[in-house]
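Have a look at these structures, which come just after this line.
One chain, chain A, appears in both complexes that follow, with chain B as partner in the first and chain C in the second.
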Partner chain A sequence: MDLLDEGLVAVVKRDCPTCQLVEPVLADLSRAPGLRVFTQDDPAFPAGVADRRDDTALDASLALDIETVPTLVRFAGGVETGRVVGWSRAQWTELTGVADLGEGLPEHRPGCGSRTLDPDVADELLVRARGGSLRSRRLEISALEDEAEALFDRGFSDGLPVVAPTPARVLRMLDGTSRKPDEVVAVVPPNLVEATVEKVAINAVLAGCRPEYLPVVLAAVEAACTDEFNAHGLLATTWAAGPAIVVNGPVRAEIGMNWAGNALGQGNRANSTIGRALQLVIRNVGGGRPQGVDRAALGNPGKVGFCFAEDEEGSPFEPLAQSRGVPAGRSAVTVFAAEGPRGVVDQISRRPESLARSLALGLRGVVHPKLVRGFDATLVVCPEHARVFADAGWDRARLEAALDEALLLDRAEITRGAGGIDEGVPPGGSDQPLPKFRPGGLMIVHAGGGAGMFSAVIGGWAGGPGGSAPVTREVEPWR
Partner chain B sequence: MHDFVALEGRGVVAAFLASSEFVQAADAQARALGYREVPSVFVPHPIQDRTDEEMRALADAALEEVLARVTR
Partner chain C sequence: MAVNGTRGPGSLVILDPTDESSPDVRTAIERPASLDGLRVGLLDIAKPRGDVFLDRLAELLAERGITVRRYAKPTFTKPMPPDLRREITTECDVVIEALAD
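Our next item is the complex of A and B:
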C-alpha cells in the first residue's frame, strides 16, 4: 500500500460527487512531487494524477482509518501532521500550502462515505482483519447450492431454517462477549465434546440470535452441561422433557426479552432463539439428535427451544435467581427439565389458601396423579393469580409451604390398584401421606400477561441425583 | 456406552446391555465415541412394565450371550 513518509496522501472514489469535484484540484497538486492518491473503486480515477494507486482492496484506506472521501492527509517524517475531510478551499490551502486551489469550485462541500463502511464491504473487512482468530472448519457451499437447503442437508438444523454461520456473522456474534473464542465453555453431551465460545457463537448464529444474547446463551450452555443438570440423561431418556431456561436480572430488559403476555409462546426473538441456541449446541456440538441418542418416545414442541424471562417487577415473590443465591441486580439463567406447559384455571379463588390448593391439584397430574417424588415440576404463576398472593402478603416460601401441604397425598388413593388403575406407588410402608415432590423439586416462577387467571404447570423429569436438578448460573455482562 | 468405554479404558472387560429398542442409540453413541462395533447384547423390548420375575427370566436368557461377549 506504500504510504508516503513525506508529503500528501489523498483517498478518493469515483462514486463520490465531491471526489469528482476535486479531480482537477488533485491534478493541479500532482504537478509538484509529493502527492499520492489512493482510489477505492476505479483505478483510472482521478485523471491527471501521476502517482495514483489502486486501493480497491482498501488496505490503505483501512490503514489510514478513512471514514469519508475525499480525505487529504499530510505526513512529515512518517507521522501524520494534518488531515482534511471533504472539500474546503481554505482547509486544503492551509494543508497543502498552495494558494488559489480549485478555481470555480464552491468554497466547501462535504464528502461521501468511505467504501470501508459499505455494509457488504464491512463484512469482508471484518473477516480479513479478524477471521484468523476463528478455528472452526470452514465449509464451502457452492454457488449453485441454496444456503438454507445446504445447511439442512448437512444436518445442522433442528427442522427449521437456520441462519448461515458465515465468518462475518460469527465474528459479529463474538462481539457480544469479552470471552476469548477458544475458551472452553462446557463439555457437551452425549459425545462429551468441548464447546468453545466460538462453537457456541456459531450455534447462536444458526439459531438466529443477536450478539447481545450470546452471554445468556453461554451461561445456559454452561448450566446445562453440569452433572447436576445432567443434559445427557435428559437427552437420552425416553421421557418427553428437554432443557428450558428462565432468565432473571437486568439482561432481560437489555436484550428485549418477554415476560409478559405469551411469555411461554412465540413471537419474541430473544426468548425464541436463546432456547434454540442451547438445543443446537447439544445437537451440533454434543451430537444429540432424535433417532440417535435422543430417545424421547414423544418429545415436546419446546425441544426446539424453550426460554422465557421472569416478571420480577410485578411479582410478589423474590426473583427466582435471588432465591437460588444470585445477588440482587445481577443477571442469571436457571435451566430446568421441562415438558410442555399446561394451563391451570382458577377464576374464583380470592383466598390464597384456596388458590394454592387449586394450583396443587394441577401439579398433582405431573408424571401421573398416582405417582410421587419421582419427577420435578415448575409452576409459572400468572400475574392475576400472583395478585391474590400479593394481597394476602404471601411470599415464595409461604406459597411453597402451602403447595407442599396440599400435595401430601393419601396412600389409599395412590397405591397400585387404587381407583381401578394398576399404576401407582407400591403397597406397603407406613400409612403416612406421601409428598408429591422431593424437597426442592418444585420451582415457582412469575410470568405472563395482565389478564387471565391461568397459571401453568411445567412437568419436569426425574429429579435429583441420577436425574436432573435445576441449575442457576450468572450471566456475564455483555458491555 | 460411556460406561463401557470408561471400563474398557481401565482394563475391565465389558459388554453393552440394553433392550432391543436401543440398537440405534447404541450404534450412534458407539460411533461418536470412536467404536465401529461394541460387544453388545440386546434383550427383547419392553422393559419398563416387566415384573421382577419377567426381568429375572430376561436376565437368565441373556446370561450366556453376555458371558460370550466378555470372554471371546
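Our next item is the complex of A and C:
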C-alpha cells in the first residue's frame, strides 16, 4: 500500500460528492510532488492526480484508520503530523501550506463514510484484520448444502436450528469479552477437553447469543465445570436433571434478561440462549450427548437450556448471589442441577407460617414424598407469595428455617411399606424425624410476574459431595 | 466439509465448535460383506450405455434373489440434486453407481 514518509496522503472514493467536489483541488496539489491519493472504489478517480493508487482492497484505508472520505493526512519523518476530515478550505490550507485552494468551492463540506465502514465489506475486513487470532479448525459448507441442514448433519445442534459460526460472527462475539481467544475457560466433561474463550464463543454464536451475553456464558461454563458442580455426573445420570443458571447483579438489566412474567419460560433471548450456550459447550466441546454419556431416562425440556434472572428489586430476600458470598452490586451466575419446574398454588395463606408450610408440602414431592436427604431442590418464590413474607418481615434465613422445620418428616410416614408403598426410607435407627433436604440442599430464588399466588419447585439431583452442589461465579472477571 | 483444504465457490466457512477430535473429511462407509437383506440401489449417472451395464447388474442380482431400486441423475455433468441424494440415502443401504461411456 506504500504510505508516504514525507508529504500528503489523501483517501477518497468516487461515490462521495465531497470527494468529487475536491477533485480539482487534489489535481492542483498534485502539480507539486508529495501528494499520493488512495481511491477506495474507482481506480480512475480522481482525474488529474499523478500519484494515484488503487485502494479497492482497502488496505491503506485500514492502515490509516479512515472513517470518513475525503481524509487528508500529512506525514513527516514517517509519522503522521496532521489530519483533516471532509473539505474545509481553512483546514486544507493550513495542512498543505498552499493558499487559495478550491476557488469557487464552498468554505466547508462534510465528507462521506469510508468504504471500510460499509456493511457489505465490514465482515470481510473484520476477518482480514483479526481472523488470524482464531485457532479453531475451519470447516466448509459447500454451496450445494443448505446451511441450516449442514449444521444439523454435522451434529452441532441440540435439535433446534443453530446460527452458523462464521469467523466474522465469532470475532464479533469475542468483542463481548476482554479475555484472549486462546485463554482456557475450563476443562469440560465428559471428555475433559480444555475449552478456550474462542470455543465458548463459537458455541455462543451457535446458541444465538449476542456478544454482551458472552461474559455470562463464560462464567457459567467456569461454574459448571467445577468439581463441586460435577457436570459429568449430572450429565451421565439416568435422572432427568440438567444444568440451570440463575443470574444476579447489574448484568441482568444490561443485557435485557427476564426475571418477571414468564421468567422460566420462552421469549427472552438472553434467558434462552445463555442456558443453551452452556449446554452446547457440554455437547460440542465436552462431547456429552444424549444416549452417549448423557444417560438420562427421560431428561426434561430445560435441557435445551435453562437460565433466568433473579428479581432482586422486588424481593424481600437478599439476592441469591450475595447470600452465597458475592459482594453487593456485582454480577454473578449460580449453576444448579434442575428438573423442570413444578408450580405450587396457595391462594389462601396470608400468614408466613401457613405459606411456608404450604410450600414445604410442594417441596416434599421432590424425588419421592417418602425419600429424604438424597436430592437437592430450588424454590422459586413468586412476587405475590414473597409479599406475604415481606409484610411479615421474613428474610431468606427465616423462610429457610421455617421450611426446614416443616420438612422434618415423621419416620412412621416415610418408612418402607408405610402407606402401602414399598418405597421409602429403610426402617431402623432412631425415631427422630428426618430432614427432607441436606443442610444447604434447598436454594430460594425470587422471580416471576406480578399476578399469581404461585411459586415453583425445581427438583435437583443427588446433592453435595457425592453429587452436585450449586456453584456461584462472578461475571466481572469475564468481561 | 473441507476437502484437501480447498474452498469451493459459494461455500461458507465456519469454525469448528467441537474438540476437533473427529476428522473433518467425511469417509465412505465400509463395504458390506454380503448384500443379503440390504436395500440395493442402482444409480445411472446418465452417461451413455450406463443403463446397459446396470440392466445386466440388475439381472445378476435378481439371480441372487436381490431386487434393486433404480435411480438416475438428470445429467452426468452436474452434481446430484440434493433431493435425489436424500431419496437414495433414505431408501437404500447400498448404492452401485455406473460410470460408462
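By our rule, the second predicted complex is superposed on the first by the 455 of 479 C-alpha atoms of A that agree within 3 Å, B and C clash if a C-alpha of one lies under 4 Å from a C-alpha of the other, contacts with A are read in each partner's own complex, and residues count from 1 in each chain.
Everything that follows uses one rule, which is that contacts are C-beta pairs under 8 Å (C-beta built on N, C-alpha and C of every residue); 3 or more make two chains touch, one makes a residue touch a chain.
Everything numeric here is computed off the predicted structure, so don't read it as measured data.
Taken together in the superposed arrangement on chain A, chain B and chain C fit without clashing. Once the two complexes are laid over each other on the shared chain, residue contacts for A:191 go to chain B and to chain C alike.
By the touch criterion defined above, A:202 lies against chain C but remains apart from chain B after alignment on the C-alpha atoms of chain A.
Contacts of A:144 after superposition on the shared chain: chain C is touched, whereas chain B is not.
When the two structures are aligned on the shared chain, A:44 is found in touch with neither chain B nor chain C. Of the two partner chains placed by the overlay, only chain B lies in contact with A:236; chain C stays clear of it.
After the chain A superposition, the centres of chain B and chain C are separated by 60° when viewed from the C-alpha centre of chain A, nearest 10. Of the two partners chain B and chain C, more chain A residues are in touch with C. Of the two partner chains placed by superposition, only chain B is touched by A:293; chain C is not.
Of the two partner chains, neither chain B nor chain C is touched by A:99. In this overlay, which is a superposition and not a single complex, chain B and chain C have their closest Cα atoms 8 Å apart.
Under the contact criterion defined above, the residues of chain A that touch both chain B in one complex and chain C in the other are 191, 287.
The residues of chain A lying in touch with chain B in their complex are 190-192, 236, 287, 289, 291-293, 295.
Within the complex formed with chain A, the chain B residues making contact are 2, 21-22, 24-25, 28-29, 32-33. Against chain A, the residues of chain C that register as touching in their complex are 1-3, 7-21, 24, 79, 82.
Every residue of chain A that touches chain C in the complex is listed here, in rising order: 134, 136-147, 151, 154, 156, 164-167, 170, 191, 193, 198-199, 202-203, 206, 280, 284-287.
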